[in-house]
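Input: structures, listed below.
First chain A sits with chain B, and in the next complex the same chain sits with chain C.
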Partner chain A sequence: MNLKSKINNKPWPYWVGGIILAILNIILLFTTGSAWRISTSFLYAGVGILHKLGINVEDWYYFNVYNNGLDSGQTYFNNNIMLISVAIIIGALISVLFFSEFKFKNIKNKKQLFFGLAGGILMGYGTRLSFGCNIGAYFSAIPSFSLHGWVFGAFMFVGAWIGSKILFKYIL
Partner chain B sequence: MAEYKLDCMFEACPIPLLKALKKLKKMKIGDVLIMQTDHNCSITNVIEWTKKQGHYIDYIEIGEGEWEIYIEKAK
Partner chain C sequence: MSSNKIEELKKRRQKEIKPKKSQLPYFFFVGFISFIIAYYFLNTNIRYSIIWTIGIMIGITMQRSRFCFAASFRDPIMVGTTSLFRAVIIGLIISTIGFSIFQYIQIGNIANYSLADVPGQIHPVGFHTILGAILFGIGMVIAGGCASGTLIRIGEGYAMQVVVLIGFIIGTVLSSNHFEFWDKLFISSSKTIYIPKHIGFFPALVIQLTALSTLYLLANWYDKQNNIMADL
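== the complex of A and B ==
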């Protein structure tokens, strides 16, 4: 068995992935001064596009109450968070191409399209209310000894439990 | 002994596994479920779960990145 099939033969155990993610997050915190965030890059991408279209998002209530989190000299498309999110997509692409697993997937039907869009909107709205997704508000929060990570985690499991019951009973 | 088809093409985890779980509940012992999927995680998690439940399982690759999974309900 060569190295390539050795790496990819079986899914890696959770603890291996956990240790790798932890080490990478420590390196990221050490070099950039802030822990890993993901969903903020969706905010920046959306707001950045609206900004380019001439819509003045800075007037919105959200940005009056909360800082957009950008350092001086950074733009919506050029900042730490966007850079790492784009790098993750490129890294994942290189990895699937290397193992010959790249495939375009069709949209199955209108039902899948509808629930996909509805789920995406709910998730996006939720991340802005809680200032992060399971990365920024959970994965990065708990190792920083922040209580909000535990609160987020507890209610994420409640939500996932209710969601999977609804999915299994009514949607599938 | 009946045969059931389950179309799980273009569906991601955990939908294929949950669909199989729901379908298997309604099937009788000896019935066969044929799942079609293009999601390689299903090959891992559906097979792992089915073996744990004690059903018989086999799969083949029917096209590039497309598989058919055969599950025979054992109990």
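== the complex of A and C ==
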């Protein structure tokens, strides 16, 4: 327990998080040659399951343009992006367990379930159009000097504004 | 409510909180397994070992600092606070410097580099980016978290975010299935714009750092104007 009292139980300030995430992203780029991405791992999880069910996803148009296919030797479940997403979940788990804060929290009601699922579908659909989520098409894209990162950031604000209106009207 | 009653409620609440079981044994167990995985990759695939370790550190950082990219966009609109947004901007400033060094090492001495050789996230920009960003923005606010936040909350034990993840997977698979339609409509006619290719490497760096710093100052000003928490 001494270990615990030595390390402050309070959350870190946001700016500390921002700095560390930036440094980790830079290390990732320097060591692996590619920046941090997340949403493609969710795509791989989905098409990986379809692939297991016998659907020929490799034939899909998407996987044959814009280098969207997998690197050689990698599979839908065994690749860089999937690995980092799993590691992030484990990292969060380690962090809450250290402070004995892990707690299974159930879904509150049907409304929450509906908006969670709908929100997820909207986000997921958007990511293929914009070549990434707010990590791959924003947090890693702006530092890459690609204009799409700036455009994505600006219009994500528009989306967030519309989403807030919906939130005020139906959820809160 | 009388202050006595409040005190009583506080005491009762504290009693409820106190008998919290230590989860340190589980911490050591999960930590040990993660270490074994990192060690195993070290001998088989060093790249995986690095990715795994960085992923764990990203998870810990985001969990500890309550970092949420969705909230960084939502909070300025809903409550007028920009502290999280400014933290993202600080992150963008630092990674801009780091990324530019790496890109310069890779392509700085090549006169006519192709965009495929530039490391980082460089993709076509056009109406599809706008549409995707708006859909994503709406989705992350009503779902209460974006891709990274969803991963963190799953690790914290939220069942809700598993639903968001399932939705995300459904959406992204559908979208990749419809990709030919969107590609022919917008993407194939859009350009990939790598800013340094058009204005030069150092001007791009200076302009970007200036733009991000300006955004930081604007956000700081906006916070002072609109923060509804500040007066409380």
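For this structure, a couple of remarks:
One rule holds for everything that comes next: the second predicted complex is superposed on the first by the 157 of 172 C-alpha atoms of A that agree within 3 Å, B and C clash if a C-alpha of one lies under 4 Å from a C-alpha of the other, contacts with A are read in each partner's own complex, and residues count from 1 in each chain.
In the analysis below, a residue touches a chain if its C-beta (ideal position, glycine included) is under 8 Å from a C-beta of that chain, and two chains touch if they have at least 3 such contacts.
Fair warning: this is a prediction, and the values are worked out from it, not measured in the lab.
Set against each other, chain B and chain C differ in how many residues of chain A they touch, and the higher count belongs to C. Contacts of A:Q112 after superposition on the shared chain: both chain B and chain C are touched.
Looking at the shared chain after the overlay, A:P11 reaches both chain B and chain C. Residue contacts after overlaying the shared chain place A:F152 against chain C, while chain B stays out of touching range. In the superposition on chain A, contact of A:K103 is made with both chain B and chain C. When the two structures are aligned on the shared chain, A:N25 is found in touch with chain C, with no touch to chain B. Common to the chain B-facing and chain C-facing surfaces of chain A are residues 11, 101, 103, 105-108, 112, 164, 167. By the touch criterion stated above, chain B contacts chain A in their complex at residues 9-11, 15, 18-19, 22, 38, 40-41, 44, 64-65. Residues of chain A touching chain B in their complex: 10-11, 101, 103, 105-108, 112, 164, 167-168, 172. Note for the complex: chain A touches chain C at residues 1, 4, 11-39, 42-43, 45-47, 50, 60-63, 65-68, 80, 83-98, 100-108, 112-113, 115-149, 151-164, 166-167, 171. Put simply, chain C touches chain A in their complex at residues 20-24, 26-27, 30-31, 34, 47-48, 50-67, 69-70, 73-74, 77-78, 83-84, 86-96, 98-100, 102-103, 116, 118-125, 128-144, 146-148, 150-161, 163-177, 179-180, 182-183, 187, 192-196, 204, 208, 212.
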